[in-house]
Amino acid sequence: MRRKLTPYLLALPGWAWLALFFVVPLAGMVSLSLTSGNVITGFEQTFNVGNYVDAISTYSEQLFRSLLYGLGATLICVAIGYPAAYWIAFHGGKHKSTYLLLILLPFFVSFVLRTISWKFTLSDNGVVLGTLKSIGLLPDDFGVLNTAPAVVLGLAYNFLPFIVLPIYAVLERMDHRVVEAAHDLYASKLQAFLRVVLPISLPGVFAGGLMTFIPTTADYVNASVLGGPGNTMIGSIIKTQYLVNNDYPIAAAITFVLMAVLLLGIFTYARALGTERVMEVQAK
Amino acid sequence: MTATTEAPATTAAGMPSAPAPAISLAGVTKTFQSGRESFTAVGGLDLDIQAGEFFSLLGPSGCGKTTTMRMIAGFEEPTTGVVRLDGTDVTDVAPNHRDVNMVFQSYALFPHLSVADNVAFGLKRKRVGKAETDRRVTEMLELVELGDQAKRKPSQLSGGQRQRVALARALVNQPRALLLDEPLAALDLKLRQAMQMELKRIQRDIGITFIYVTHDQGEALTMSDRIAVMNGGYVEQLGTPAEIYERPATRFVAEFIGTSNLLTGTAAATTSEGTDVRLDCGQHVRIAERLSEGTSVDITVRPEKIQLSTEPPDASMSRVRGTVTDTVYLGSSTHYTVLIGSDTATGTEIVVFQQNDRDLSAADAIAGRGSEVWLSWRPTHSYLLPS
Amino acid sequence: MTATTEAPATTAAGMPSAPAPAISLAGVTKTFQSGRESFTAVGGLDLDIQAGEFFSLLGPSGCGKTTTMRMIAGFEEPTTGVVRLDGTDVTDVAPNHRDVNMVFQSYALFPHLSVADNVAFGLKRKRVGKAETDRRVTEMLELVELGDQAKRKPSQLSGGQRQRVALARALVNQPRALLLDEPLAALDLKLRQAMQMELKRIQRDIGITFIYVTHDQGEALTMSDRIAVMNGGYVEQLGTPAEIYERPATRFVAEFIGTSNLLTGTAAATTSEGTDVRLDCGQHVRIAERLSEGTSVDITVRPEKIQLSTEPPDASMSRVRGTVTDTVYLGSSTHYTVLIGSDTATGTEIVVFQQNDRDLSAADAIAGRGSEVWLSWRPTHSYLLPS
Amino acid sequence: MTSGLDMPTSTPSGVTDGDPEGVRTTPWHRRIDWGKWFTWGVLAWLFTPITFMIAFSFNDIQGRHNVTWEGFTLKWYGQAFDHADLTQALLYTLAIGVLTMVIAGTIGSLLGLALGRHRFRGQGTTNLVMFAAICAPEVVLGAALLSLFLLVGIATGFLAILLAHVMFTISFVAITVRARVITLDPNLEEAARDLGAGPWTTFRLVTLPMLLPAIMAGGLLAFALSIDDYIITSFVAGDVTTFPLWIWGATRVGIPPQVNVMGTLILAVGVALAVINVIMAKRRRS
Amino acid sequence: GVSGKQQEAVADDDFWQGKKETGNVRFANWPLYIDSKRTQLKQFTKATGITVDYKEDVQDIAAFAGKLQPQLANGDSTGYDMFVLTNGIELARFLALGYLAPLDHERMPNFTANIGEAYRNNSYDPGNKHTAPYASGITGIAYNPKYVDREITSIADLWDPKFKGKVGMMSDPQEIANFGLLAGGVNPAESTEQDWQAAADKLRQQRDDGIVRSYYAQDFVQPLTNGDVWLTMAWSGDIYQQNAEAGTDLRFVVPEEGATIWTDVMCVPTTSEAPVDALKLIDFLYQPDIAAGLTEYITYIPPVPKAQDILREQAQDASGKARAELERLVESPLVFPSEEDYSRLHNYVALEPGKEKAFTSVFHAVTQA
């Protein structure tokens, strides 16, 4: 009998914590998103679905933009992270762990500080652009900061390891002889990559993609620091509504809409691959 | 199928001139460079492997078997020397343009493709038509008895089934030669024995040249037409299984293949029939070779050549006396350990295999532990080791 | 040491009355429940294992060997029945309070502890004093020849060394019995053979009861004093290796242990010397038993009992004619497959082992593939299977 | 993607780093290791802002804006803790980080142990909730928690941050520990029982030491996630200002070089920890 | 639950009755709004024995107020005994909701004696009943002559296509609203909802034409210095500081159309746990020499005119670099604006209660697109 109880006792604190501070808050947020009123007179549960109509009609542009930026950043991450992960996994030799460590190192610096440093680095006459301009590689009036590309690049910069690690994990775990087997079976280098390595590593790409797409879509730090007019992301709106305007119902409604959109992605994905597998890749 | 179906080790019949060997290595060496150190894995190989042969590379771990194989497949470039397939120099040809296929020890099946797609992989790369591909894949899967598993993923197969997929994947391309690098090492004993038979059967049916790497001598002896015993990057002996087992060219070969009893002694007298050798333990045996007196000799006798008896055997035999120190019953045979010489310190232990073709009780009576016995064997079975 | 040093299978001498067996299982069954399905892994076992015995459980995968072992160790509770150690009922005693120790197939060494600490683990749990613990650990490590590895971590040891640590860790507790669940399965052939000898030596030196699980019959035959052959949760036969090999009680045992030739036929005539059996292929053989005419019989002959000759053998022998269809050269012996009867469809294939104690060329001459041969064996070697 | 096509031609162990100095020569374009250059390019990109940050911790600025290079000085390291509020913020961050590490480390490990070792009802749901908690965007977590705190009237602040941080790190710890538990040989625990250890002794002497590396790794991950977090914290911080929050606020008046100093110091500690970890792993392996 | 019940307005006498000194006061302020050694606070502790827990927690007024709002609405302690707010929507809201304690002027001799005329009768808190100014600043236009080759004189210059992508605006609705209104010739104090809409359109136009580089919360100095923007809406003190400390040559102008003056005020929440101590600190900061010390560091307009005289005296006593710096401070129109400057300065739009949401969302739509 004791044996039967053990797992429940072990899991109980974790369950309680996740239930109280994750599940209940999400439910609370849904409840809040259906109230009306304001911070001064108080909020009343009226099942006011109008909040959703308001939220979507007012902020659809920012929502759409966020998804777009998140997608862009994810694609850039894949494009940059895949070759790097590939090279480390296949050619890193005994320095594999060192390379991985180097990829991770910048992330020991606080996210906010990193983003701000990135802003300084990108400024019109800063170390990078200034140097390029002074040697004539860029026109004098060229600038990236405060534009959409700056935001997307910043997002990609901040979330790169989220994609490198899962891809590295699958590539590393993969039996490297399958590549030789492919060559042996008349595949050229390109074919061996496209037909064998890439398909095998796809779960890693998907896992990493998810782990990048979700936080980049919901991020607002990069947009506030690196963006300009017209680059506001949905996260900023949520924060302003919550913390500045104290307009909780609308804020909760937008948050819920964002989450619903992302959850849709998550569950489609989890269905396809199984949650355990995704998390295994992530745990690596 | 392009392969010959003649008996192995003979070449395709009816050719106007002697055909080039299916695979030939000439002066091939391989030196690995890692950092400042360099290591010669293969020291100089000259090998000619005939079409349709079942050829094994046998040797201890690290002797260069895999490296040799990988040079034939094209995964390693020889440091010096030339690799030829059917007489054509392919030393600089990439693996995907060589007409040999490999079966990897880990199988290296493509985990994301079904069994059928794994097998079809090579054909698709060669742009064989869809219908033809399907036909050949089906045929090959039938051959390896996996016709009903075509839709499965490799992860859903047992070890032996995976092995067969790996084989089918290589064979379906009708390569000039199939390279198998310890294909059975990962299997358990039973499955391994079954697969040995299976492999041999398939090779016989298809008639393709097999180059087989193993470090299991039993496997090599059972399956091969010819064996190259390698050691430290060189071939120590090349020959049929019987040649290698019965006439080992070097002490290394004698000790590596099978169980050997090593007896050391000195030539005491030479007669017309051979030499009388005084063993270190004091007893005398005869060998067929004629040696000058005083020469120190190392002779080996295989355990199965020795007769065990309680009566003194015929004087024409080599014979020694000893005491049984251990018997191991193995069902079909019993292994006896017999100490010849006075005590354990100076004496030599000789292992004797006796097939249990008598009644068990009788066998037990001959040679219980501690009993005094005669060991005898024909002088021709004392094999003189080159020193 | 409390263990007896007498010969196995005898009980400690000088006891006033017949002592209880070291381990006894009475009416033990085990049914696993998973969800709504239930599965009976052990169907009813009655076993008495004597002190000092080397007792093996042998059987195909899934026959319940591990389950039996785990019930003795206390990791599984029997569904019904009683487990006794030295006569005491321990069915409900937790594993940590049972005086038996187990050696796991995976070794299950504690990777964070040194070799010495691994070995000392059990003694510390029993609160044996520090000095005593040190002494016994040192002694035990000497016994398994690991005295100089005491400080290492398991990860720094080779497979064979780990195996020995696992053994030492169990033995140091001087258990009443040592349970070994396929302790050698993970080792390669060479190491496995060496460890078989080692285990046997240790058991002989220490005199503790060993219960040994394996599905390798060679291993069981070589090492055991007694063997229980299990199948589908039941014991099919219990006896010494020779009894089991030479006198299989059931068809399952005959086929599971070693290679057997199965011949089916009908009793044709009974004489004073036995019965004349007409085989299905039409030839006649003789068996020692006397059966009434017309009885259909299954007989087995071990391949090593059969003589192969080109001349007709003595008429007192059981003899059949056939054609060699395959020969496999194994170095010390050659295995022949001989087809008796007219064609492959109706005929029976008989396997014959011939030790290569003659010159190779002579052996080859007797029985090249396709040659006609006589097979003969003593009628007493035809073993009649209970039907 | 050039490097993606650069298939390995050597053994998988990849011992051959450089070109094998054979008799044969390879054409120049094959001798260039494109993948290596690409990877180094990525690393250069990753390190540019970091280098900038480190360099400007040595910038001898006069005003409040640490923007242009004005000369080298070590003085900010001497005055690293001159900004009382910045120091306080850092202390808050570290305190929350350590507490998160301990609490999430403990609770997460227990959860991981349950998930890895046992089969029980609700396992699927637990996995799903953990998966959702890991995937849920920080804004959502922050907003949801704030909603809860508002509804129930829990004051935002130190405790709220701690609750939040433990919540979003538990799953990471649990997954790390579970992965280890799954690969753990169940026979190990049986072996301990067999050798006379009771259930608790078995846990203490065998299970726990085996899991310790994973628990440590999970705890450190929780610590790292906690000290780095800005978004969730900004929602529930109340009157507590953590290090990332202070930096964010300080952008108004110019970030003092002390921030760069602290960033550099944290980086240095991280590097040291990582290097120690790598060395330990190496030693364990050999 | 979430409730925003209006606190009962408390009569002066009632509030202070029975309030005792506690010996410690918790004060939330903007970062770097006092020197890092906290000189003036130490002087205060030395003089009164009251210790000060000073926190730089005010990083964005709207966010700060948003954070306090629920607590004040509940009547809970905010963790602060006093804090700084900028005159504007949030302050108006706090005043309207009665969250702020009435200041007992009788206990504030320095305050009554030294506060400048301009502050005695302000519009946001007539009679300084609940607030005491900490410092004031002007929101004008700053530009970097390194990049801008002409003199900037008007708000219209912020719409000049010549500066496309090089103009900085502020993201705060009140700040940007004022500039939008002034650009259209509307006095913010008298603006109507239609005016807001027009101003927002004008600003949207500016944004969509690509003229605006970014909407800055506060961090315009750094991009202005390094050339990311060439001209921007800016706060006077920040520009002064940057010039004084980093030796840059940034220009600050009060445009022809007018500019905004804002005041950061100290206030005591009704839930303060040490109102008496808070009051003492506020009064202490009105001693001219203390005010002068503060001004020397923060370089915004002090509410104590006498600070200028004290600084002038100090300048005469000092020598060398220190003297130059002090003289520059004393003479700067950014720190001590002239009467003429004052005449061109406007307050933020005064909002009727309930109009806030409409107002902010009009301008958020511009800055948070």
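Per-chain residue numbering starts at 1, and chain names A, B, C, D and E are given in the order in which the chains are listed.
Keep in mind that, in the parts below, a residue touches a chain if its C-beta (ideal position, glycine included) is under 8 Å from a C-beta of that chain, and two chains touch if they have at least 3 such contacts.
Note that the structure is predicted; figures quoted are calculated from it, not measured.
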Separation of subunit E from subunit A in steps, with touching chains one step apart: 1
Between D-E and A-D, the pair with more C-beta contacts: A-D
Most central chain, judged by mean C-alpha position against the global CA mean: D
Euclidean distance of C-alpha centroids - subunit C vs subunit D, Å: 54
Chain centre separation in whole Å, for subunit E relative to subunit B (CA means): 91
Inter-chain centre distance, subunit B versus subunit D - centres from mean C-alpha coordinates, in Å: 53
Subunit E: positions in contact with at least two other chains: 1-2, 60, 67, 70, 217, 226
Set of subunit A residues in contact with two or more other chains: 175, 177, 183, 242-243, 248
Complex contact set, residues of subunit A against subunit D: 6-8, 10-11, 13-15, 17-19, 21-26, 28-29, 31-32, 79-84, 86-88, 90-94, 97-99, 101-114, 116-118, 120-121, 127-128, 157, 160, 175-177, 179, 183, 189-190, 192-193, 210-211, 214-215, 217-221, 225, 234-235, 238-239, 242-243, 248, 251-252, 255, 258-259, 262-263, 266, 270, 275-276, 278-280, 282-283
Subunit D-touching residues of subunit C, taken from the complex the two chains share: 73-75, 94-97, 101-102, 104-106, 108-112, 121-122, 125-126, 155-156, 169-170, 173
Residues on subunit A engaged by subunit B in the complex (per definition of touch): 175, 177-178, 180-188, 191, 195-196, 199-200, 202
In the complex, subunit B residues that touch subunit C: 188-189, 216-218, 221-222, 241-242, 245-246, 257-259, 302-307, 328-333, 353-357, 359-360, 378, 380-381
Subunit D-touching residues of subunit E, taken from the complex the two chains share: 1-2, 28, 30-32, 36, 38, 54-57, 59-60, 67, 70-71, 74, 76, 78-80, 217-219, 221-222, 225-226, 238, 241-242, 244-248
